[in-house]
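Shared between the two complexes below is chain A, which has chain B as its partner in the first and chain C in the second.
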Partner chain A sequence: MYIEVKGIQKKFGKKVALDNVSFGVDKGEYVVLLGPTGAGKTTLLRIIAGLENPTQGRVYVDGCDVTALEPEERNITYLSQTYALFPHMSILENVMFARIVKGFDKADARKVAEEFLMLTHLIERKNAYPAEMSGGMMQRVALARALASNSQLMLFDEPLRALDAKLRIMLRSELRKIAKDFKITVIHVTHDEDEAMEMGDRIIVLRRGKIIQDAKPSEIYLNPKTPFVANFVGGGNFFVFYVEKNTGNELILKDAHGRMLTLKKNTGMAEGTKVLVCVRAEHVALSREEVPNAFYGEIRHIHITDRFYEIDFRTEREYLHVKIPLVEKLDFEEGMQCWAHIRNAICFDATDLNIVDELEVE
Partner chain B sequence: MLKTTRILGLKQIKMVWYGLIILFFIIFVCVPVLYSFVYVGTNWDAMQTHVLSDERLMSVFWRSAGISIFVALIVVVVDILAGFPLAWLLARKKFRGKEFLDTLVDLPLVIPTAALGFSITLFWAHDLTAEIARPSSLSIVSTPLLIVILLHIAFTYPYMVRSIKAGIEEVDITYEFAGACFGAQRFTVVRTITLPIMKAALLTGIVLCIARSLSETGATFLALSMVTDVSYASISSSPDATLTAPALINSLKNSGYAYINEALGFMSMLLILISIVLLVVIKQFGERVRFPFRKTYRIETVLSRVSFASVRDVSGILFFALIVFLPGMFIISFVISDWGNRVNIDYWLLFKSLGISLLVAFLTTLICVCTAIPLAIYIGRGKHRKIADLLDVTANIPMIVPTVALGISLGLFWKNFVNTENAFTAILVVVLAHVAFTFPFLVRTFASALRQIPSDYEDAARTLGAKPLTVFRKIIYPIFKPSIIAGIIMTFTRSLDETGATIAVLPANSTITTIPVYIVQLVKAKDYYSAALASLILIVIAVIILLLVRMSTRSEEKCTSK
Partner chain C sequence: MLRVENVSKRYGNIWALKNVQMSIEEGEYVAIIGPSGCGKTTLIKIISGIEKPTSGRIFIQGKDVTALSPSERKFGYVFQNIALFPHMPARENIAYPLKVRNTDKNTLKKIVNELGELFGLGNYMDFYPRELPMGTQQSCGIARALATQHKLMLLDEPLSALDARVRKKLRVELRKFMKDFGVTVLHVTHDQEEALAVADKLCVMRSGEIIEIGKASQIYQQPRTLFGAFFLGEINFLDARIVEKEGKVYAETREGDVLEINSQYNEMRGERVILAIRPENVRAGDKNTIHAKFERTIFFGAYNVHIFEYGSTQIKMVSYNLDEKFNIGKEILLALSPEKILVYRIPPEGMVGAISLEKK
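Coming up: the complex of A and B.
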């Protein structure tokens, strides 16, 4: 482990911002800390950077305990969401800053800074000041400045947040590519699930100061540990059912209105168990004929997004969100009555679950 | 690469450094301020036998304290009523010469009150001796109390205009548009929307004006000594003499009163208590009070008319010109028209006092810069929020305490350690007294500037490897330069300006005089022309300083607009 965070707790007065948080990061790994606003992501990042003291717990870098060290002694670069480009220095001076304060030779600092400005396509603007630059350019300057600092670990705090939607999506792959090219270890904080899925080698889901799940993106999507994770990453339609029968490889569920659902799942849930079922929008198909595992209803609205037809489907009891890939031919129209066929679902034992609380996104 | 095994890490060094700064703050600012309480407490027997039992002294004191509070309250009400039109004009209107008017309004802030007081009294006072009454002066006021009120309005007015103006500028004008769209009259909009939003700024203005008025010593004493007899013997025998509490302390100091230290210590303590209580009450009350918006009043329709706006603008400017500016500048015409009278001026003493003043102001500023800036950084950025907040509140106390009481308290404190008869130590003690009351200004200005800008730049610099001193030199100083320089200039002017604390801290017969003290002495000796010339010199210095402030704030605007 290159970075190890052990048992971190942080209190602001009586409020617990972080509660016994532990994880490790390998050298060269790109880890994303994902969670809603107020989950404690930024606090955790600032503790690793040394800008904040933990109430309890320790931070190790390369095996050394750095908890008692000041930020300037840690050689960890922190990139804030505002970029914090020094307004009174030119772009070149900003990028040279770290090398100069670390006592490198000025000519060397300049050479390195120019190299990174070249890499981020900003060399022509090196004498400009931050206030003269666009958001995307400032983001790249901040990145160049961080890279030129010669530190092996970078902490990105919502680095793409202040950018326009299109640019934000474009820069995801670029940022990851640069980190990988320079073999830099990154901890990246975001509340954007798509960003996390696209950029992370690993995702750590944080909620209310606690780690909920720490796994690969595919694992987070396929096997979310709690309904919160399922809802926050990927989302879907949630239903409450009760186990009618468990045959070992098939789970037969029934809801309060008598609707039945049969899932091919091997779980140990006993009969009568309350189950929270998550049906991903992309796991629903539409059908004109009645099929098993389907709810009857009406198509209320269809709209097109980048890869899907997104359909609001109204059953007798609820709205169902349905996604049909654009590559498929859609022979349904708004106002049509048809069947929504549930092809797959994730089940959570809801016996001790506060469902409303679990499905809150904030 | 990582040095985890050092005996004294960077964190420890920083803790020691901040500890030293806080220690300095406690020893040189807090303790001396509160020393009068200790002094009264430890000499309680002497207090009872010599001070509390002297009925005449106590009745004069309570009377003067009453007058002080009365003057402060009247002044603050007038300031609000007269300050609003001008502040509105400066905040919201665009017109030619606005910047010039803005600078003129600030002028009384930097002119030493002794000079201002002298000029204003010359302008208004009626029964001055015939030889100095000038035809160009108004000479219509013969009530000493009215002179004091006019004087206090003149030097507090800029504080009020500044605070209200800052408040109005902070109110997002779209709220007013929204109010107007719902059909509210212009005046109603201001009353129900603008005023409640800018209440905090108004409250700041009120507290500043009251604190200044309660604290003022030199000018009040000087003005009163020109129109009445302010010697202690005369005051204590006439039951309706006009005197403010700080002026009483000043007058008592030179009276040869038998138990002078006990009397002064006791009065300072009471005065400190009174000002703290008064200001805390006002602040508490002000924070609770709400502006009613149950109904609209018919008069608001009248006040909302366009024609009223010009009445308001003109009256605002007229008030400033007639009550503040002309009386304050009257001294110039006095010096010029009496140019022939300049025969017996003691230039040696004049320039010696000026030299001492500049030296004291310079040393005070130097000490303040070295200690107040780190403390402000600790308050604005420190990780121990509770300690920082406590320091922040404590740093306010010397600001609202009358400087003359502060001076007495400090004088009593330092007398235990140094001999103030010696010229060198006398200057040192004056400097320490000035540090005690200017220190909070620099801390406050800089700490609040720090709190307005998040620590992102400093955080970035630190994670990029910059050590604390480098962070200050390369990041904090360049970014906060305008407010640091403004704070430094403010400290320098306040020190140059101070009369009460300087007189209070030194023994009555001290040969060390700063220039405001020298002016007071000249006026007492009825050498009005020399006093006027000395005042004019101070005013010229003040104008130069004001222009420097303007230049530094202008570069701030340039920075933020880019």
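Coming up: the complex of A and C.
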């Protein structure tokens, strides 16, 4: 294990910002810390960087306890949300500087700086000054400068946040590739689930100072540990049902309005258990004929995104979000009455759950 | 409802807008998208009256408003930087446009309560802006714009300051509210996904010009320009040449695969071209194929993106079947159906210039 964070607690006055946070990162791994604003992600990154002292707990890098070390003694590059570029230096000089302070000669610094400015799509602007740049450009300069520092360990705090959507999406795969090519270990903070899914070898979901789940992206999506994780990563339609019957391989559910749902699930949930059901939008299909496990309603709105037809479906009780692959022939129109067929779902025991609070994303 | 006629705007030597023409019908929801510096913000500022055009005219409800000040133009406005009055609770913020127009107390109360309920502000109505989560603050900003009761809403990057998750949630609601109120909307954003999610009609802008205008699905499936194809969603580009064999026209890729294409491209025979195909239209198959090497898979939950190497080009394929798997390094035949292949002439500025996101 290259980095080990053990039992970190951080209090600001009485407020607990981080509560017993522990995880490890292997050398060369790309780990994403994902969570809503205020989850404690930045505080955790600052503690690893040495910019903040934990109230309790230790940080180890490469087997050494670095908890008491100053930031500059840690050989970690921390890219914060405030870019702090040198205003009197050109873009190129700003990036070169990161390399020169690490003892590389000027020719090397120039070569590497130009390479990273190319990768961040800024090479044509290399002679410009920070004051002439937009926020998105400055963020890319700061990213290039961080990459040029030759550190083996990088901490990125929302490195793509200020960028326009198109460039942000393009830079995801490019940034990950750089990290992998240069064998850099990265901890990357974001609130963007798509960014986390695309970039992370592993995703650590943080909420209110606690780690909720730490797993591969596919595991987080397919087996979310809590309704919060299901909602924050991927989202879906949430319903409250009660177990009517559990046959061992089938879970028969009924809601307060008498609607039934049968799911192929092997759970230990007893009859009468309150269940929070999460139905991903892509697990709803539309049908003109009545089928089991379906709610009747009306198609209110259809629009396309770059992968799906996205449909707002109104039942007599709620809105359902439905996603149909763009490659399928869509035989439905706005205003049409039909059935929304639930093909799959994730179930959570809701006995002791404050559902509204659990699904809060801010 | 809104008509922009030959609007140009010059700052010094730079033309921020060049002869822009567009119109919005009553009740329509139109999104303008484009990269930073494309002129979209200048355009919405000119429509609102914050900026004056160098030439051209703006009509709102048939009336020439070019010479009018913003307050005389009658529209609701939502900013990117949530501009609530910090010293007023949510309720008073929403009531403000009604107050300045001397709306009687009972009507005011009724409208404000309705808006609060619709936007789910319930308990938040008596909170000050700083006490509200960001998403709720912007909901409040949108409610305030609607409280003006104007028929035209101008939204300038209304969701850009919010977290991804909140943004996704609010954009669905935003469209619903606007449609429920029957207002006409012009919404400016750099986020193509957001634009697709909210709008009936899209305008894609680049370098001060509108380069695509039409229904979202139409622009997505049949973009007129290379930049439109590139900017809206993801797309694969292949270098090719149009060749003729036995009276039929084909595209021969730089890598040597020969592909059937739609006959509408017949007139390009002999030319060097760019083929474009959306990742969801690429599939493993044996008809009309290219030979590509499988590299890796990215899991996105509802679908996988498989990445292939094709010569020096990268090909992305979207698969909705999560069980479809390939072996790393293995050569796979990828089928590109002829009716999904878009063909573009190589533009004078070259491929890199044609899709550059930076201002020219």
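Heads up, the rule we're going with is that the second predicted complex is superposed on the first by the 320 of 362 C-alpha atoms of A that agree within 3 Å, B and C clash if a C-alpha of one lies under 4 Å from a C-alpha of the other, contacts with A are read in each partner's own complex, and residues count from 1 in each chain.
We take it that a residue touches a chain if its C-beta (ideal position, glycine included) is under 8 Å from a C-beta of that chain, and two chains touch if they have at least 3 such contacts.
Small disclaimer: the values here were computed from a predicted structure and weren't measured.
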Joint occupancy of chain A by chain B and chain C, clash or fit: fit
Chain B versus chain C as contact partner of A:298, first or second or both or neither: neither
First (chain B), second (chain C), both or neither touched by A:201: neither
Touching partner for A:121 - first (chain B), second (chain C), both, neither: second
Touching partner for A:280 - first (chain B), second (chain C), both, neither: second
First (chain B), second (chain C), both or neither touched by A:64: first
Contacts of A:191 with chain B and chain C, given as first, second, both or neither: second
Closest Cα approach, chain C to chain B, once both complexes are overlaid on chain A (Å): 5
Common interface residues of chain A - those touching chain B in one complex and chain C in the other: none
Footprint of chain A on chain B - complex, ascending: 1-4, 9-11, 14, 383, 454, 456-457, 459-468, 470, 474-475, 478-479, 559, 562
Residue ranges of chain A in contact with chain C within the complex: 36-37, 121, 124-125, 134, 136, 164-167, 169, 173, 191-195, 197-198, 217-218, 221, 232-235, 280-282, 301, 303-308, 310, 312, 321, 323, 325-327, 361-362
Contact set on chain C toward chain A in their complex: 35-37, 133-136, 163-166, 168-169, 172, 175-176, 179, 190-194, 196-198, 216-217, 220, 231-234, 278, 280-281, 298-303, 318, 320, 357-358
Complex contacts: residues of chain A adjacent to chain B: 46, 49-53, 61-62, 64-66, 68-80, 82, 84, 86-88, 97-98, 101-102, 129, 131, 145-146, 149, 151, 155
